[in-house]
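The next part holds the structures, each set out as structure tokens.
Common to both upcoming complexes is chain A, partnered first by chain B, then by chain C.
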Partner chain A sequence: MKKILQDSIKGIIPPLVAILLAFLLGGLLMKIAGINPIVAYTSLFKGAFGSNHRIAETIVRAIPLIILALGISIAFKARIWNIGGDGQFTVGAIFAVFVALTFPLPNAILLPLTFIAAFIGGACWGGIAGFVKAKFNANEVITTLMLNYIAFYLLEWLVKGPMMDSNGHGFPQSELINEGLRLPVLLQGTRLHLGLLVAVVLVIGVYMFWRSTLGFKTEIVGQNREVAQYSGIKVNKIIVITMFISAGLAGLAGWNEMFGVHYRLLENISGGYGNLAIVVALLADLNPLGIVVSGFFFAALVTGGNTMQRMEGVPFALVDVIQGLAIIFVISRVVYRRWRDNGARTNNDNGILGKLVSRSGKNERTNSPASNR
Partner chain B sequence: MTDIVVTLKNITKTFGTNVANENVTMNLKKGSIHGLLGENGAGKTTLMNILYGLYKPTTGEILLNDQRVDIDNPSKALNLGIGMVHQHFMLVRDFTVVENIVLGQETKKLRFLDLESAAKKIEDLCKKYKMKIDPYAKISQLSVGEQQRVEILSAIYSGANILILDEPTAVLTPQEVKELFQILRLMRDSGKSVIFITHKLEEILEIGDEISVLRDGKLVDTVKTKKTTKQQLTNMMVGRDVLFQFSKAEVKSDKITLKVEGLYCNNDKGLPALQGINLEIKNNEILGIAGVDGNGQKELCEILTGLRSTTDGRIWVCEQEMSDKTPKQFIQDGVAHIPEDRHKTGLVMNFSVMKNCILKEFDTGKFSKAGFLNFKAIRKAAEKIVKDYNVKTSSIEAKVRELSGGNQQKIILGREINCVPKVLIANQPTRGLDIGATEYVRQRLIKQKEQGVAVLLISADLEELIQISDRIAVIYEGKIMGILEREEIDIETIGLLMAGVKGGLVSEEDIAG
Partner chain C sequence: MSVPILLPAIGEIFTQRSGILNLGLEGVILMGALGGFVGTYYSGSLWVGVMLAVAFGMLFSVIMAVLSVTIRANQVIAGLALTILGAGLSTFLFRIIFGIKKLPPSIEPFQAIKIPVLSEIPILGPVLFQHNILVYLTFVLVIVSAIVLEKTTFGLKVRAVGEHPQAADSKGINVYLIRYICVIIGGAFAGLGGAFLSIGYMNTFLDQMSAGRGFIAVAVVIFARWNPYRALGGAFVFGLASALQLRLQAVGVPIPHQFLLALPYILTILVLISVSKKAEFPKAFTLPYNRGER
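Showing the complex of A and B:
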């Protein structure tokens, strides 16, 4: 238990520090631009946490981000660069809403069915990329990205065609799901819905995943495929399974958004959550609890940023600046550590970012002399 | 006036709580080759990285020609005339030799690269040191030995008078070693000083003028090569007498554990690698496989562990047919494997010692329950391996990357033996290990054999094969040239078979041709 706590704290501190530094430097930039950073930040903070309503809005935004980032973290840990979160989210949502609108079943049965459908929808969409990677060694960065576009246009066609709401005055949207299927609101007068609990359960689930033998296999495959084979692991099978789970989680994020917020299919429902979730996962160094922290942070930035722009006239672009700075600080942490250890053979806990930053494995062992020459 | 160019004075270097060098004092003479000898992890490379400016010493000072100097970084070291050739070369593969060499230079004066005059200068240096290097050849076209010469040239080109070589012979063939030694002697005779890091005794006795021995980060002594012996150096390195002889128990059983028949397979390029291998190993013998690297040893190992598929032939383990089974089934049926490359295949370098201890068995009831890892059992097993195999690590949570080669190998050994194998495939199990660890691994292999395991030992080290094998099969171009029984084992016969000369005689085709 103590170990779990230590691990969690270790996972949370780095993103917190990066965020803090990003705010400090962001403030300096504002000062240079002639904006009072204290006023801006106060407004940003108020926008994100100023009232129950605002807090609820932040959480509502954080839920899909966190679930998506959890999914991405699983693929990334296996060194499978699944950047198709948006597409998998979309297909998951389509599957779930389709099931909800099609089958005349009691809600108690239908709701779990939609949940499963969302997982399968997302998982199959990502599974395609996993399968062609395992079978033909197709680069998943390209396939998942391309599948995103297919998913977007599929959704657009559906909401303008077969699934269009006949009473919707021509709006590109599906019918509403029945009220009994909608996730109950947790806090009266806000949009905060039961999806929060689902997210919490999924965080715990992913935490458990890394303690399972399947999670261990995934991790080994991510570290070194040759060792994985040597250990008796079927690498291709793990690649497909990993993509399946990763994308299935993205599908669940879509389910949450449908059944907790929109209650129907609309155009562009993923709204770029997928890309932001990659940043969330990386900022957290793929640690599940870190993902919660960084997910809330980005959700708060977006929610608060809108208010800040409206109230104080500080451009929303500042939010992008702070996001970018946070990432830079996370990466600098890795670089700093390298520099401090100055060629020491160990590269402790650099985590996924360390691997992204590092060059070839050969140089890693003797480390930096190449750059010193 | 003194002929000492560099003095390392009371150098101590610590990494956290880990002491890499403790109070080391060493003198380097002008125009001499100074051997730095020690086991892996003794602190040789750390000490030299301090001299080369890659590390800062925690305490102590460096004197260059009696002047105190602070060497903060390698470019400062180069300015002071100190060059270093690392174990892994720092060359840009797609650049030519001259481009690589100029790359390492100060560009203050050279606004435009004058490659022609640089190439000219390189050619002169080549002539002086009797090297054959085409300045316009791309690095990727050069052999490992030639790349090393480019590194040496690069250091000399930038005016190094002191050259540090880190395990330079580890990657060379015997012929290339000879050439390297010739170059080093020429350098010494022209007044340059060379520090030669190694753990190979024969080499340093051949080339060195003086030898400093490090053990556990401390300087044991510096001796003149002429006044020392192999045995004395070994004792200094290891701190005790080393057993170079092993007793071989008689092979009593005649139960055949591993049998292969008519094995054929292709290599990664799709060319035939094995061409009809027949072997039998009894349940308490060590069968050694001798052969020049690349004659099918790697493929044989991979087939016997399920990692590569055969094009023809059959395999039995304890009379059970294993052909076409998966790596996992091989593991389950009792085939353990010490792979050739522990970094690439045997260990996950970024994982903890603990996790590496269970790579083969994490899926079994031993370490998991209902699909979840049983960390309590894993911890216990890892602690046992660390204790039983005498692995030097700060804890079982430490990353394997942080351990020395010998300790990494002990983890693999412990893990594989803990699987209670029937067959143990050991491919180059002592490559790159120091004397202590080598001896330990060999003893463990013998112990396994005594416990009834069939051991297949593939080694490039003939002495090792002769020491511990009961029989030796010689492989050449994917065929077994001959199997020598214990009383027939003789280094010259093996050598001839390795060269493809059947039965010690020139083959008929050769006569006909």
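Showing the complex of A and C:
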């Protein structure tokens, strides 16, 4: 137990330093632009945690973010770069709302059905990318991103065409789902809904996934495709399955947002959650429990960032800047490690550290995505 | 319409030939678009805008070069970081400079130049010879790039570094330097592509105005098998898809216009499916080089 605690404390330092540096640099940027960074950050903090209502709002945003990031973490662990969270989220939401509006079934049956539909919707959308990756070696970064744009237009077409609410005064939105299907609000006067519980269950689910055979295989495929192949793992099959699960989770995030917050389809429902979830997953080092923490943190950043723009006139884009910087600093931590190891080597000349350094170098090479060629 | 895809694609050919995958083109294009607009707005000269766009693109891509060459970070993640940072930073700076709520300011963009006689040719004339000067410049750059890559010592060094960095190093080629140069060349081209968006095709800067073109450009590079002339062909197809979409919309074809807008993205996936299996990537593609390691 003590060791786990020590490890998690050790694990939390690099992302913390990265975020701190990102905030510092963001502050410097504001300083140059003539904005007082302390005022801006205070406003951001108040916006995220200033009252019970604000905290609830932050959690509401954290729910889809955490689920999306869980999905992304599964794909990234296998070194499949699924950046199509937005599209899979959208298609999952479309499937779920479509089922909810179409079938006249009792709610007790219909609600689980919408849940399954969301998973399948997301999974199929991401599955396209997984399939063409496995079959044709089409770069999944590009295909998943393209599928994001296609899903965006698909949704726009649906809410302005076939699925438009006929009583909606021409607003681009679908009909509302019936009240019995909506996730109950947990805290009176806020939007905090039962989806939180779903997210917790999914976190545990993904935690268990990494302890299952399939999770283990997925990890091996991510570490080294050739080794995986030699040890009898069907790499292409794992790629498709991984992508399927990853995207299915994204679909569930869409379900959560539909049944917990909006209760209907609107334009651009994913609103950039997908990109943010990538940052969340990376800063958590793809660890499910870490994702909860970093998901909550970035949800706070977004909630607070909106307040900051409204109150202090600091552009919300600053939040994006901080995200980008945070990733850059996290992946740069090897520099620190190298520098530290060099120091150790010159101080006491034992060869083992030198070996460690060169071995870590080799690992980087075999791990690189080029091995999927 | 092909140009904002073609320019980044040409630059990316240099980058990838040297063994680096820059997936952050999207961010670089946006920074270039911002630079082009700001430069033009404050100097009143479109060419100052172009130069600032190229400078922004080069400076911004230095981050990618440091991450991929010196730090040897995972290039996919580095590219994503650059995309997110570029989108955020360009929007942030634009809002800081021009305010949050005001109507977007605009400039007088590059005007189309009709080349006498040639532009009179039916069909081909309007397609090829009635563009603004950036388009003609792009054609020149395609040819120059092809010559540099295939016929010069520098081009040979780039290819050597991308195929076999160890061998290149043993011949006295500075692998790190070549890769830095290639990533920065890529940044210059992407920056210019961004300038084309903000001061050639439109007359202002818009958030996310690159709309995925950075990623489409990478697809074009694979389609072109790292050859600038074939990239010209590939980008032209995308330009055609965009033009077709506008034309069909104008005519009023009974296809939902969202479908037409999605067309370039669908096309990208189809292109990737058809070419990826056969594509021969540079041997050392996405492999960081470490001199101390054998």
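Methods note: the second predicted complex is superposed on the first by the 289 of 373 C-alpha atoms of A that agree within 3 Å, B and C clash if a C-alpha of one lies under 4 Å from a C-alpha of the other, contacts with A are read in each partner's own complex, and residues count from 1 in each chain.
Basically, a contact is a pair of C-beta atoms (placed from the backbone, for glycine too) under 8 Å apart; a residue touches a chain by one contact, two chains touch by 3 or more.
Predicted model only: the values in this text are computed from it and were never measured.
Trainee: Just to be sure I read the superposition right, which of the two partners does A:232 touch: chain B = first, chain C = second, or both, or neither?
Mentor: first
Trainee: Give one of first, second, both or neither to describe whether A:224 is in contact with chain B, with chain C, with both, or with none.
Mentor: Touch partner of A:224: chain B, not chain C.
Trainee: Touching A:36 in the superposition: chain B (first), chain C (second), both, neither?
Mentor: Neither partner.
Trainee: Of the two partner chains, chain B (first) and chain C (second), which one does A:211 touch, if any: first, second, both, or neither?
Mentor: In the superposition, A:211 contacts chain B only.
Trainee: Counting touched residues of chain A, say whether chain B or chain C comes out ahead.
Mentor: Per-residue touch count on chain A favours C.
Trainee: For chain A, what residues appear in both contact lists, the one with chain B and the one with chain C?
Mentor: Common interface on chain A, chain B vs chain C: 362, 365, 368-370, 373.
Trainee: Any idea which chain B residues touch chain A in the complex?
Mentor: So the residues of chain B touching chain A come out as 15, 49, 54-56, 73-75, 86-88, 90, 103-104, 305, 307, 326-328, 330-332, 337, 339, 344-351, 355, 359-360, 362-363, 368, 371-373, 375, 399, 401-402.
Trainee: State the interface residues of chain C toward chain A in the complex, per the touch definition above.
Mentor: Answer in residue numbers: 23, 27, 63, 67, 71-89, 91-93, 95-96, 100, 207, 211-212, 215-216, 218-219, 222, 256, 258-259, 261-262, 265-266, 268-269, 272-274, 276-277, 281, 284-288, 290, 292-293.
Trainee: Once bound in the complex, which stretches of chain A touch chain C?
Mentor: Result: residues 29, 33, 35, 81, 83, 128, 132, 136-139, 141-143, 145-147, 149-150, 153-154, 156-157, 160-161, 275, 278-279, 282, 309, 313, 315, 317-325, 327-328, 331-332, 334-335, 358, 361-362, 364-365, 367-370, 373 of chain A touch chain C.
Trainee: For chain A, which residues are in contact with chain B within the complex?
Mentor: Its residues touching chain B are 208, 211-214, 216, 219-220, 223-224, 226-227, 229-234, 342-348, 362-363, 365-366, 368-370, 372-373.
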